[in-house]
Every structure is written in C-alpha cells, then in structure tokens.
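In the two complexes that follow, chain A is the common piece, with chain B as its partner first and chain C second.
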Partner chain A sequence: MKERSPSGLTSAEAARGRSGRREDGESATERSERSTLLRDNGVYAAIVVLLVYNFGFTENFATLANLNTQLVQVAPVLIVALGMALVIGTEGVDLSVGSVMAIAAAILPLYLGYGLVPAIGLALVAGLLCGAVNGTLVAVVGIQPIVATLALLVGGRGLALVLADGQLKDIRNQELLDLGAGKALGIPYVVLIAAVLAVLVFLLVRYTTFGRQLVAVGGNRSASALAGLPVRRVLMTTYLLSGVLAAIAGVVATARLTASDPSAIGNLFELSAITAVVVGGTPLSGGRVRILGTVAGALLMQLITATLIKHNLPDSTAQIVQAAIIVLAVYLQRSRSGGGS
Partner chain B sequence: MKANPAANAAVLTATAIGKRFPGVVALSDVDLTLAAGEVHALVGENGAGKSTLIKVLTGVYTPDSGTLTYRDSVVSFARPSDAQQAGISTVYQEVNLVPLQSVASNLFLGREPRGRFGLIDFRAMNTAARELLDSYGLRVDVTRPLRTLGMGVQQMVAVARAAATSARVVILDEPTSSLEPREVDTLFGIIERLRADRVAVLYVSHRLDELYRICDRVTVLRDGRLVHSGPMADLPRLRLVAMMLGRDLEEVRREGATKFDGERTAEDTEPVLVATGLTSKHRLDGVDVTVRPGEIVGLGGLLGAGRSETAMAIAGALPLDSGAVTVGGKRLRTGSVAVAMRAGVVLLPEDRKADGILPDLSVRENIVLAALPRLSRAGVVSRRRQDAIVATFMKRLRIKASSQYQRVGDLSGGNQQKVLLARLLCMQPKVLLLDEPTRGIDVGAKAEVQSLVDELAAEGLGVVLISSEFDEVVEGADSIVVLREGRVVTELHGADVNEAALLDALAEAGERE
Partner chain C sequence: MTAVATQPEEQSVASGRLTGRERLAALAQRRGSIVVLALVVLIASFSFDSFFTVGNAQNVAIQSSFLAIVALGMTFVIISGGIDLSVGSVYALGGVLAAYGIQWGSLVGLLLPLVVCGAIGLLNGMLVAYGRLAPFIVTLATLLGARGLLLAITDEGSTTRLMARDDWLTRLGQGTFLGLGLPVWITLVLFAIGVLVLQRTRFGHATLAIGGSREAATLMGLPAARNTMIVYLTSGLLAGLAGALAAAYSASGVTIVGEGLELDAIAAVVIGGTLLTGGAGTVGGTLAGVLLLRVIQNVINQIGTLSSYYQSVVSGAFLAVVVAVQAYLSRAYLRGGRR
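For the complex of A and B:
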C-alpha cells in the first residue's frame, strides 16, 4: 500500500523530478530527498519494523484475538484523526473533538428508549451542530481555529456533563452493546466502521471537488479566494465533517465501554488525533492531507504502547517514546520547508 | 513660506551607500543629505530602493559599503533602537503603535513620566499628552485606546510621537496614504512645525501634489541608483516622472509618435466589459473602464494610483462601496470572485507567489483549480476531462515542466505565470485582467506571454493590462486609462497612446484639479 501525495506522485517520483531541475547544491538536494523519503514513508517503515519485532519476540502478539484488540482500541482515535487531518489540511486545528465525543456519549442514553437509530442520529446531529459552531467562528467570524475550537473544548465537556447530570450511565441497550462487541467475518464492527470511514475520507480528499478545494484553501487561502473558490463553504464543511466524525467516535467509544461516561470519554483525544495526523506526515501548515498516513500514524502510536506494555514497561515509558516520535515527525516536516522549495 | 535649505547644516548624510541581497543589488552608490529644517522628498517606483535606503538610515540594515554621518560624526547603527535613541524617528505606512493602549500611553511609550515609587504617573502623562496634541491642533481624548480612532488620527499620533521624542530626523513613509484631505492639511501643519523646529524630514510619497506642496528638495532613486537630487521647485513635474520611470525625455519626445500601434480598431463593437463608478474608500473614487472584444486597455498610473485595485474591483476581489460592473450587457453582483468568474471575468494577480500559485501542488492541480466544479459530476472530479484540459493548456502555453505532476513551486517564474494563465484560460473567459503579467520572469517567457496576450485579444478577448513597464503598456494597449489617487484623470486613445502622451498625463494629472 503506497500512498500518493495529493499531486498524485509518489514521493520517490517527486524527489526525482525535483533533483532533475537542481544543478546547484547537490548534497543539500540529496539530503532533502532523503528526508522527504523518510517523512513520507517513515511511518510505514516504523510500523513494519514494530510488527516484525512483535511477531518474532512478543508472546501472544500474533494472535487474532490480540490483533483485534489492538485495532478495536485504536478505532475511536483513528475516526477522530480522520476529521482532524481534514481540518489540519486547511491550516486549522479542531481542539473540540474530545468534548464533542463526550456530548455524543451523553446524548445516547437519553434517547436509547426510542431505539438505537434515533439515539445515534441525534448524537450525530449534535456533532454536526458542534462542527457548525466551530465552522462559523472560523470561516465567518474569522477567529483563529485554535481559539475558536478551544471554546468548545471547554464548554462542550461542561455541556456533556450537564446533559448526563454528571453521572456515568451503564448501557443496557443490547443493539448498542452488540455494536461495541460484535463481529462480522471475524472482524469487530468497530474496526469495520473505522476502516470504511477511512476509505470514504480518503476518496473524499482524493477524488472530489471538495477534497481538492480543501487542499487548495489550506495551501494558499488568498490564491484560492482569487481563483473563485468558495473558501468559507469549504472551511465550514471541513469543521462539520470533523464534528460528525468526532460524534461517531463518541458513539463507538460508548459502545465499547458499555457505559456513557461524559467525564472520561474523549479526554485528551484531540491531542492523540493531532499526533496521529502529524506522525502520519500531514504538515500543520496545511495544503496537504495524508489520510493513509494518518491511519498509519494512529496505528503506530497504538503499536508502540502495546509493544512496551507487553514487555512490562510502564505506560509512562510509552508516553516518552511517543513524545520522541512526535518531535521526530515535526522535525522531518521542518526539513521540507527548509530544503524543499 | 519655505525655509532656505542651502543655508542649513547637514544633520544626516549618507555617502556612497551600497547594499546587496542574494541575487539583487538593492542600493548602489547612493548619496543622500538631509539638512536641518528641510523637508526632503524621496521618490521612486517599485524596486527603486527607497525602503532599503530608509532601513539603512534607521539601523534595520547594515550597508555593505558607504558611510553614514550623523551630526558631524560617522555612525553605524547596529539596531533600530540605536537610531531611535540617537534621534532618528520613523513613521511607517502601517502605524506601528500599540492599538489597545491609550493615545497618551502610545505617545509616551518607553519614556512614561514616573511618580513616587517609580510608578507611572498617569495624570501627568495624560496632561502632557493633551498639551502635545493641542499644540499640533489635534483634539483627541488621550485616554481612549488608539484603536478606536481613525487611521488618520492614528497616523498623526505616530507623527506627533516621532516629533516629541526630541528627534533630529523624522522619516515619514507614505504618511498620507490613508488620510482624508482635511487630515492631510493637519499633517502638513505638523510638518511645518517640525521644519520650524529645525528637524530634518524625509518625506516618501508618490503623490506629486503633496511633494510640490511641502518639500524643499527631492532625491530620485531608480533601480537602486541615485538619479537626481536637487531643489524641488527647480524640477518640472514631467521631468520628475520621466526620471522615476527611467525614460529619456528628449528621446520620448522625438520618437513618441512612432510607437503608435493602431492595428486593432474595435470602436464600433459592443463593449464586453463596462465598469462604472467603481468606488472603495481610500482606494477608488468613481473609476470607469470600458473594454471591447479584442481590445487591450492599459491602466496607467504611478505606484498607488489604484491600478491593481481597479482590476481587483472588476474581478470581484475588492469590496466596493458603490459602482457597477456589466459584462456582455449583464450587470454583475460586485464583490464576489465566483460571480465575476462565472460571467467570464478573470484576474491574474499582481503577486504571483502570495495570491497566485499553490506552490506545493502540482502543475495539474494548479491549472484546474478554478475549473474544478466544471470538471466534476456529482462532486467527483473527472480524471479524463482534467487530463484533456491540462494537456491542452500545457501544450498551448508551452509550459516547461518535467511532467504535469511536478510541484509548481519548483518551476521558473515564467512557467509559474503560464500555469496561472492556463488556470484562467480554462475558464473560457471573456475578459482577462492582467496585473503585471511579466513581472519577475525571464526575457524569453516575457516575449511569449506578451505575444500570447496579443493572440488572445485577436481571438476576441477583452484585456485589461497593468504593467509598471512603460513600453509594455504603450506598445501593448490600444487605449490607456490613466489613474491617479484612485481616480481616472484622462484616457488616451488611438494616436495618443504613446510614451510622451502618457508621461504628460502622469505628470500633469495633478495640475488639472
């Protein structure tokens, strides 16, 4: 599985095309080529290395049960990260995703009495509304995304607690419990949902007008506006998608947990999602969205934690290693802007 | 009225200043002498080196060669604050004060009067601020945050601050660009006072009227070189404009008539574009432009005359207070790029890097950017139709790239410009607005772009052409609308489209009012 950049080139082709036009500064070019390769494919390489290591040296790793567990655990973060990748592609960020998850989780038990579909539907509508608030603040009012979404990060969690009366509620609805624990063809529903969403978002970025416009708006907003692109609509749609994906993640997390816990669900998910996106090679400066990279970024973080825990190293070690990976990923992106153009 | 500068001693002298940046010589062997009690005009077009010279005088840049003499001793300012401390104050075009602080705080920023315990004595500060502004005839509540005041007043506060810091030299960079006429009078009052206080004022502006009204001497720069320095009153307007633009006046007079290019006559056809009364505060004031199919209309004017703004207004990229744009007989809603584009009006922006290309995307993505909705069905972009468009235009415009997937940021300036033209042309426009289409591209690409524009006009497109290159406008355009301070001052048609007539129009534009 080889990811193509938005331009449709593989990184190796791009690097070759670039070096062909540069006569001066050979070593600098080579260096930047190397770091481009590392940036674009490093995350995949790291996954392969960790998998090989674990298959060889970790007990009880290469079992279907364990692999399923790992995938189920990563699914909510991954779903949130898909929306985050879109927002970051527009040179923005959505800090409210964790709180939106909590709001969705809080809404579920209130309406499960009317059936699963209405309850999930309302949870997703709540996600859309949150996205609309963010989108309005960013696209119409013109507030910086980090500040605009910070408001909902704080307020959203509070709203979720109000909706739930500040209480954890056990889920008794069998259908929702099945959604969290059931399988089709040996694959957990939760994993299937995440996979389908990843494919959809990938196609959205790659093949639709909206996806191409999103990348353009993130790459150069003023040029996009002068080219007649509906900049506000693109930004608004992006935040709506992020909101609804966060709500889906909230539903999935609730089903997995078999309880609606608005004070815990989605806590710090905004940071995990940003990490997955950045480690996956999507630059924070916008203009580029790497969905497969984001998937890989989420998987890599999960793998690192799993590997260390299975070797009886404390969670804190995993956090330190993750921090190192983040710094490395951002450093590799820096070297692009330095040596790239 | 004006002081006699000859009798005055030099306060600040720059001698043989040179400054290079990678690939560019920004200043070469430039001299400038500022005398106490004189108002000295510094003029030049884009890239003449005015900003660089100011930055050398104020310690932002260290010159590569040459010396600065300030009050009889050779100085070298390592930092802007050194120059400020020594008494050289600068008021930039964009007011650089603290918008949320009060007027008084801004006036005394960094030198607030202290009371007991070293705390700021606000009462003393406000009183002093009020007295200072009163003395300049400015009636402002000094306790209000600066931000709540108009741009003009902010500018005035900035000047007052500069003057109050016991400055010996005050540099004003385009101080009137956002002022109302009445405010300009107030500002000139302040400048008169500075002159009376024997402060040297360096006045940078493109507004010829103002220069002749307030300045004693003038220094003209072009392409980083000193072209002329002397008393303002001895320099006729026409010669000043000719020097700024780098045209030899005698030569222009002699050859002027032969430059006439009367091949296209489109007088009898219905206009494709009629823009009337385009007005946007501080930028445009009732501009009219009419373009017929196959006609190239040049926009003439000095820097800041409103040429780019006119093009942007027509393209929907500049919000208008009033005015109408009609394309092919249909009136458009102004202020929307998408609307203008759908009607067939497209703009090639002046700043290719900031407003044009998406450097990290491919040639292909850059070309189809605006046309995406047309190439899509149900929101999904058709690969085939995209291929067809990209292939057509890469071939037609001879875009040189390793492939259509190459990053646009890695192309040469000329090829980037062609990519942008392709983006516009695949929208099948009726009117093409070109703002500096050949700036910063190599000679070969320049000729290609020029002949392409001619070709497009011959095919029936209406073209509006803006260029700071004089001969490009004169040779390219069939008629020229001459602008000054956001207003149309004259139009040149047919045989009048020549360098001499355009120079005359630019120079005399101010005197007609």
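For the complex of A and C:
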C-alpha cells in the first residue's frame, strides 16, 4: 500500500504514531495495526537484522566480492519476481516463468551465430509469445491463472528440451559471456540490469495508468469491468510483461552460467519468485503490488540462504527454514485478505 | 452446480429445464476424458503393433498406478476448492522413508511414510482449514519443507537406500496377481473406495458442498474446517503411500523422484473433468485422466523417433485444450440460466 495509495500510507503512519502511546489494555484494532506494521515493514526489518548479524559475526561476509556474488545470484530470481508481482497483483499467478526461462535459454545458442542482438531479441520474442499464450488463456478464454500457466510450465520445459535437443550447450559468444561476468563501476552488469528493471517496473506500477488499472483489476475484476476499464487488455499486458521478464532472466542466467542448460535453468524459479513476492508483502488475493517489497523479499531469501550456507548448515535446513518463512509471511497477510483461498 | 455435476439426470428430471445442448455440455464435462481415452487407445492400437498387447497394458497399468494414487487425493483436495502442491515432495519423502524404515522391519517401512506424510498432510490441512491460509501457498511451503526433510535423512540426497528383494514390503510393490502388479490392485481398491466416499457418504457430499461455496456449507452447519483438514490429511497419506509403493516397486528409496508429480496429478484431475474452482468432479474421471497422460507417454515412446521431451509438450498442450473446453462448456452452462 505504501507504494500504491495514500490511504495505506496514512494507516501505517497512524499505527506507528499510536504505538508510541500504547495503553495497558491492548485493543483488537491496535493489535491488528501492529500486525499491519509488521506485515508491511517486517521484510525490511528482517533484512537489517540479518545484515547486522552477518556483518558482525560471519567471516568474509562484509567484502565487496561477497556482496557482489550475492547480488549476482539473486538477480535472475529478482527479475522473474518483478513480473510475478504484477501477475499476483491481478489476483493471478504465473507458474510458467521457469519454463519460459528455459525456452529463452534454449533459443540463445541456436541464433548466436547471427550475432548477440538477434539471439537475445528472439529469446525475448519467445518470452512474449509465452506471455501471449498465458494471457489469452486467462484473459480471453477465462481459465484460472494457476492452471492456464501450469499448462505452459509442463509444455514449456518440454519445448525447451526439444529446441535444444536435450543438450547442455556451452556459450562461446564473448559478448554474451561479458554480459554475464562483466562489471561497470565495480557493479556486475547482471545486477545493473536487475536494478534498472526493478526501477522501471516500480515506476510503471506507481505512475502510469496501466499500473493503476492493474491494481484495480486485481482488487475487483467485475467492478473494474463495470467501470469501463479494459480488463482483458490489462490482464494480457501483465502476462506479456511476466513472460518477457522471465525471458530476460533466462538470458541473464545463461550468460552467468556460461552455458545453456534447458533442463536446469529456471527450475523451481516460479516458487522462488512467488516466495519473494509474498514475503515482500504483496497479498496473493490481488489488488496490491509492492515492488520495493518484492525486491526486499528476494534479497531476504538470498540473505537467509547465504547466512545458512556460510555457517555450514546443510541445504535441507535451508529449505525447511524457507518453508517456515513463507508460512509466517502469509500468516501475517492473513488479516487483510480475510483468509480462505 | 454441485448437484448438477454429480447427478445431472436427477436434476434434469427435477427441474425439467435442461436443454439438449446443456445436457451435452454436462456430459462432455464428465465423460469427455473417457471418450478421448478410448479414441487414443483405438488409434494407437491400429497404428502400433506393440501397443495393444498384454505386456504393454501391464506396463501402462503399473506406470499409472503411482500417479493415480496421488491424483486420487488431489481430486478430493481440488473438489474441496483447494490445491495441494506438496504431493510431489511428499511422494519422494514417502519412498525414502519406506527404504529408511525397513531397517527396523517391514511394518515400520510401511508405517513410517504413512505417519510422516500423514502428519505433513495434517499440517497442510490445519493451516488451510483453521489458519485460513491460502492452500496454494501453504502447500508450496510444505513442498519445500518435505524436500528439506528428505535431504536431511539421505545425507543431502547422496544416499540411496535399497530394500531387500525378499521383504514382503518389497513384494507388495513388485508382486503380481492375475497378471497385474499388486500396486495396480491397490490403486483399483482405493479408487473404488474413493468413488463410494465421494458419492455415497456424508463426507463426500460435504466436500462437494464446501468446494461449491464454503460460506454456504458453513451456514448449513457442515463441519467445513474439519472436513477440509481431513481432505488434506488424506492427500498427504495417499502421496506417502504411493511413494512407499513406488519405492517398493524399484526396491530403493530414490531421492530424485516426484519433482513435478504434483503438476501431473493436477493435470490428470483437471483432464478428468474436475473443476479447478471446486464443487464438482468425479473420481472415475481422474482415473481416466491419469491413464490418458500415461497412454500418451506410452504412444510417444512407441513412435520412437520422437524425442521423449515431446511428452511434456503434448501433456501441456492437452491440458490447455481441456481447460479451454471446460471453460467454454461451463459458460454454455451458465448461459442456460443455472448456477
């Protein structure tokens, strides 16, 4: 709400003001306001706590090299999560993003012979096409997003494997390798791309007509339609954006891996992206998009994984901790969405 | 909607307003998967000599059985208006636990996966039913959690435990009766129970009602929360059982199975004519959906020249077509003035 409407901001502010003079008896409203505060800003607080802890107690954490590594690792998830935040804002979900990444990755080596720009261009076009398929199924045919995008999740991975003949292909194109490993002003290109995209999507949601329409459609689809909003076009555009962002993430992941691996790239990314969005405070019930929160959510999940790994805790523990955090984040959102599906 | 989808004949007599087109729509919704399955089998039988053979049928049956057991639990979850994404992980965990528990005896090998996977299902159910959290995200979390648990008991996935060939639990997976594998018989028995539970018990009717409208079901005095919890508990139990049987069949607790199984299960349920919005569906349709997915896989293998990757392309395209037709049919239905 912080990024969307002024009313949400004031309610958060009001909660903050009141918590200063809390009386002995704690009313239900105060408790719910406190949980609103926790829900809206908990992710930032958690990041600060983890950063302070790691800077203080983890060896080799507060180095430029490590921070760069962490940011590079989180970049593809973050890019996908930006599109996912938009889709979830429309009360939908895009399960196909991981497969779209794989398709983009599979297309790259096929056309790198014609140069970097055509190859990346075609990969992005493929992402758009995938988005168009999802958008058509959801907006025109009227299928539930979860199952419409499930079809492309299943089929897309197969398509990527067919395109690549099931093979992992090494990337030899120097320009693409530079994109994955190069730096500008000490910041990796990959991180810059993610940051620029995050700013663009943030501006899109906050300052454009499309952004307002998206939130309105997510909040109440039939009311939006009655109010004369182009519901279908908004939904279609949202899925197109999600598709193209996933394709960009696929290109970035390929450049970073220095190989196109259609069976592994983007695997389970839909889950990581949804986690980042939800942990960042965007409710699954739609009508609200928090891009800054999504960025913070992705960073937080990366920080948690990094913290656990740096302390030699196994992968299994990391997954169980992530699971607990997802449940906690959704639990905190519960009061707003009113529970239920 | 609920009653229509389960007992259209009775409804049409009662209201007397079903037009031919609506009746066709309802029929296609419920029986479409079986018709398509019959067509695919027919075409495949004429196209490939090796398709319509006893050996191949046994093959398809055993390959279908594990997915079918998972999809049975998923059917109830989806009919209740929810979704269970954790079944793939729970299935893998069940297999690993069976191979892990068998060192203390066969009974432990069978009970351990049921208890642990049942507990995960119960956790899902409690969070969804009493915590009122979105099923999608709760089961997403347990998907991760179950996978973590699996890694924890297999030394981060590096240990694959084997099961003794002469153990009765292993024979439960590998044995045959009247030419069909024991898991196939178990699947058939479970589906028979599933049909009875959905159509003939208070629990089944309540599940349909909750999926139709949870608020209405609660107002009618149905124990919506308890019912929902049992649905997820069952889904966890069945996924664990399927995993244990699959482990017994391959005589090892393989750690890398089950990824994406939840998607296959959801696809089978939806193809089988169960509405993803809940409130309507059949257990028999799910079985047809599972068989359809597996027969398509089998046909692609038979073609031979086609890479096996096409299998998921076809499954995905098929799913998209089925849900599109479903959406069209249910709209034709609504135009008829019923809801």
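Criterion: the second predicted complex is superposed on the first by the 313 of 341 C-alpha atoms of A that agree within 3 Å, B and C clash if a C-alpha of one lies under 4 Å from a C-alpha of the other, contacts with A are read in each partner's own complex, and residues count from 1 in each chain.
Operating definition for what follows: a contact is a pair of C-beta atoms (placed from the backbone, for glycine too) under 8 Å apart; a residue touches a chain by one contact, two chains touch by 3 or more.
Here the structure is a predicted model, which means the values were calculated and not measured.
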item	value
Touched partner set for A:R233, first chain B, second chain C, both or neither	neither
Chain A residues touched - chain C or chain B, whichever exceeds	C
Touching partner for A:A225 - first (chain B), second (chain C), both, neither	first
Partner chain(s) touched by A:K183 [first = chain B, second = chain C, both, neither]	neither
Chain B versus chain C as contact partner of A:K310, first or second or both or neither	neither
Touching partner for A:V215 - first (chain B), second (chain C), both, neither	first
Contacts of A:G142 with chain B and chain C, given as first, second, both or neither	second
Chain B/chain C common contact set on chain A	340-341
Contact footprint of chain C on chain A as seen in their complex	93, 133, 137, 141-144, 146-148, 150-159, 161-162, 165-166, 271, 274-275, 278, 284-285, 314-320, 322-324, 326-327, 330-331, 334, 337, 339-341
Complex contacts: residues of chain B adjacent to chain A	315, 317, 337-338, 340-342, 347, 349, 354-362, 364-365, 368-370, 372-373, 376, 379-381, 402-403, 405-407, 409-410, 423
In the complex with chain A, residue positions of chain C that touch it	81-83, 127, 131-138, 140-145, 147-152, 156, 214, 260, 263-264, 266-267, 270, 276-277, 307, 309-317, 319-320, 323-324, 326-328, 331
Chain A - residues contacting chain B, complex	6-9, 13-14, 17-18, 20-21, 207-210, 212-213, 215-216, 219-220, 222-230, 287-288, 340-341
